[in-house]
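In the two complexes that follow, chain A is the common piece, with chain B as its partner first and chain C second.
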Partner chain A sequence: MTIYIESMKMYLKSLLEYKKSFIMSFISQFFVFFTYYFMIIALFDKFDNIKGYTKYEVLLCFSIIQFGYSLIEIFGRGIDQFDKLIIRGEFDRLLLRPKNILLQVLCTDFDLIKIPRILQSIIILIISLVKLQTNLDIYKITTLVLMLLSSAILFLSIFILMASYCFITVQGLEVRNLFTDGGKHMAQYPISIFNKTFIFIFTFIIPYAFVNYYPLLYIIGKTTNKLYIISPLITFLYLIPALLSFKWGIKKYTSVGS
Partner chain B sequence: MSFINVNHINKTFKVAKRRSGLKAALKSFFKREYQYIEAVKDISFQIEKGEIVGYIGPNGAGKSTTIKILSGILVPDSGTCTINGMTPWKDRKKYVSNIGVVFGQRSQLWWDIPAEDTFDLLKDIYNLNDEEYLKTKNNLIKMLDIEEVIKIPVRQLSLGQRMRCEIAASLIHNPSILFLDEPTIGLDAISKKVVRDFIKKINKELKTTVILTTHDMSDIEALAKRIILIGKGRILYDGTLKNLKEKYGNTRHILVNTNNTIKNITKKGIIKQEKVDSGYLFEIDTNIISISSFLKYLSDIVSIEDVDIDTENIDNIIIKLYKDFEI
Partner chain C sequence: MKVYLNLFKLKFMNQLQYRMAAIAGISTQFFFGIVYIMVYLAFYTSNGDTSLPMKWNELICYLWLMQSLFALVNPWVKDNELLSMIKDGNIAYELCRPINFYKKWYATMYGNRLAATLLRFLPIIIIAVILPEPYKLLPPNSITSFILFLISLTISSLLITAISMLYHSITMFTLDEKGIMSLLMVFIEIFSGGVIPLVFFPNFLKIIAYILPFRYIIDLPFRVYSGNIPISTAIPNIGISIIWLIIIIFIGYKLSIRACNKAIVQGG
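On to the complex of A and B.
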């Protein structure tokens, strides 16, 4: 863990070497988030609800997905940019150091400029909860915390899976945008507004539904089944195949090389 | 058992075959052909603790592949390798804490910040305690003369300064084996000397075993008593530099300037005679005919205005070796 924090300090030092660029990107990233937000607001200017979901229910969903995605984009950028490590041959260097490989990969890059996004997400989350007049009991708070956690865990798993793919080939990496960016945009809405194929994909292939749909039903009072509270835990299991495939990738890399 | 034992190592890479042209590109888009390249074939050698070994060979001979196998980055298809009682690709974490690797063409320093910060990070990566870290660091700074250099952002350093920092970074954990992959590539004469003197010094003082690959034969002459020559994935020569010189360094080129014309001379010991712009170029075998008796013989026939005798050059020996082995 020390090396993760130390690497982050190093990253910050390099970032501060370029002052103007730092300030500009900070400001622009701050506003980029609002464009996402206004897209949803604009939608609800026209419609009262989408398949029965109101503005603040959708915003609640949006904020949870944004929270997880930003968190991993900021602190897991190394794994997101993994293809570059492979292409530049820098991955070899990591194999020469006596620390866990995945941890070292995470240490290679950060995106601290997006930190405000986390706060922005939390603010929208709170506004939505207030507007929805949710009476937060211990069950609902637990559900919320699990939702936020599982959102981050799910994106981390997807990023690791995509990094494992780089061990096979670094070609056709656009595919990953389908799962990360594309998935993120769709998961900003409650899954049930989509058609059956998407619901199937987002339940069984990439379990977005367990992040923001099943637990959401409990929070907004569409169900009282207590099982929905712990449904986000399913995504934690998703980390297992992700980690295994990464391990398999390292093995393949060392036996194939270059 | 030796410190480093390499036995019958083989490694084959599968590479996609591509021909030029759009048609070929389209064809390979649908059906890709692969070609197998044997990077190293049946490589075996032993190295004792405290040796400096020069690992040489032309580009693509398999030098880097061998270094990668020895440092645990690659796993060979077959063969065994024990270094310091460990197999590099097993026990990775334990093994790598004991080796240092410098890739001359790749940097391990953070680009935008001073090298000293990278050293501090490496301290945490290798779990060094403050005392031993400071001791090693100060020692390295002194030996490599980088006191001021490590306080400047790496991107502003000259190549020579950066390479010295790279070497320091690779040795900050005090490893007992040092792999250097082309450490002097692109350096000026002074930086080269600093690097060489440093390698000699740590080898002598800390008994660090050094394996270095290079294309610069003066590196080898300055550092390594023993060389391993590799070509097309096979070991072609393993022995002292002195033996190699004795075996292959017996021919000399002599350029003779004269206004007379020299007809083809047939004399024992003269391997080749050639007319060039500035005179005649002879290649002689010094084991059969000495330089002085050759010149004496020649001056009896023609009047010599000037002679130019090439110095015994390891580069020439290597070129000759490459030719002999057809690599």
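On to the complex of A and C.
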């Protein structure tokens, strides 16, 4: 853990070398991401519900997914850019060190510029909760925390899975955008508004539904079943195959040489 | 002129080499298209059809055209070759060449844009046409509106390239293409109709959007296709878009000359 914090400090120092640029990017990030929310806010100006969900219920869903995704984009950039480590042959260096390899990969890069996105998602989250007039008891708070955590865990798992894919080939990696960007894009809405096939894929193959659909139902009071509170825990299981495939990849790994 | 045409051809051929990226691009665009359509469909089916600014068949055309021609109208396209030249000082070589800086890069960017589009649009259109009913891309409203669509789309692609050139010229002064420049891009994306069709905007924003030149990039051509903008309004609008095109090219041209004169060569 200490290495991780050390690496982050180093990164921050290098970033602060270009202060003006850093601050500008920081501010612009805040607005760039606004487009995502803009769409939903503008559409709800014309429509009053989407399959029975109101504006703030959808925004709540949005903010939870954005929170997890931004968190992993910031701290998991190393794993997101893993193909570059492989292509440049820098991965060999990591193998020589007596530390956990995944941790080292995570240490290679950060993306603190995206912090405004997290702030933004938290702001939207709070606004939605207030507007929905949810009375936050201990159950709902637990649900909310679990949702936020599972959102991050799920994106981390997907990033690790994509990194494991790099061990086989680095060709056609653009397809990963479908799983990360595309999946994120979809999961921003309550999943029941979609077609049945989509619901199936995003419940059983990539469990987005457990991040923001079942627990959401509990928070907005559409169900009182207590089982829905712990439903986000299912996504934690998703980390297991991701980690296993990464381990398997390391075993199979042959260097690109040089 | 011949030089620029050749440059355009060269870039065009070059782009055609990246087939894998194109396939990935197509699948992503297609997926996004489907998701957008399902979201709008959910909106449309759960609310009564009262006073909606766009009929479903007009909206579906808008969404599919947007996805299939995304590479043509996307404001976020950057020329990494030019940007890295500006940053590492290789721009000095560019200034030594006996060809016009603006024209050269305009031709290059236009070539890139057109090739990227040609590689991508047809598969998406074909799939979109054979999809079942509510998802299906419909034929244009009439032959006249189709011709007007093609004309306005041509102007749109020239306009967005001119805006791109303006953006790259400004980068020669600021040396930073992220920060404030991405703000500008977001602004263009929203006010061109790239996020949602302009007709869904709240009223005061709609008024602003109709004054700005960006609506001629996405809003005009895609709505002309489906007949959401009738032919009688489309023609004067195309006229206005040509005036904007000339203005933006003129500003970009002047700015690029100033930028070249004042260029600070980075590095040695």
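In this text, the second predicted complex is superposed on the first by the 252 of 258 C-alpha atoms of A that agree within 3 Å, B and C clash if a C-alpha of one lies under 4 Å from a C-alpha of the other, contacts with A are read in each partner's own complex, and residues count from 1 in each chain.
Quick note on the criterion: a contact is a pair of C-beta atoms (placed from the backbone, for glycine too) under 8 Å apart; a residue touches a chain by one contact, two chains touch by 3 or more.
Note that the structure is a prediction, hence the values are computed from the model and not measured.
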item: Touching partner for A:45 - first (chain B), second (chain C), both, neither; value: second
item: Partner chain(s) touched by A:225 [first = chain B, second = chain C, both, neither]; value: neither
item: When both partners are placed on the shared chain, which of chain B and chain C touches more of chain A; value: C
item: Touching partner for A:2 - first (chain B), second (chain C), both, neither; value: first
item: Partner chain(s) touched by A:169 [first = chain B, second = chain C, both, neither]; value: neither
item: Touching partner for A:90 - first (chain B), second (chain C), both, neither; value: first
item: Chain B versus chain C as contact partner of A:255, first or second or both or neither; value: first
item: Complex interface listing, chain C residues touching chain A; value: 20-21, 23-25, 27-28, 31-32, 35, 38-39, 42-43, 45-47, 52-53, 176, 178-180, 182-183, 185-186, 189-190, 195-196, 200-202, 205
item: Interfacial residue positions of chain A with respect to chain B in the complex; value: 2-3, 6-7, 10, 13-14, 17-18, 89-90, 92-93, 95-99, 254-258
item: In the complex with chain A, residue positions of chain B that touch it; value: 11, 13-14, 65, 68, 71-75, 89, 92-94, 96-97, 99, 101, 103, 106, 108, 110-113, 117-118, 120-121, 124-127, 153
item: Chain A to chain C touching residues, read off their complex; value: 21, 24-25, 27-28, 31-32, 34-35, 38-39, 42-43, 45-52, 171-172, 174-175, 177-178, 181-182, 185-186, 189, 193-195, 198
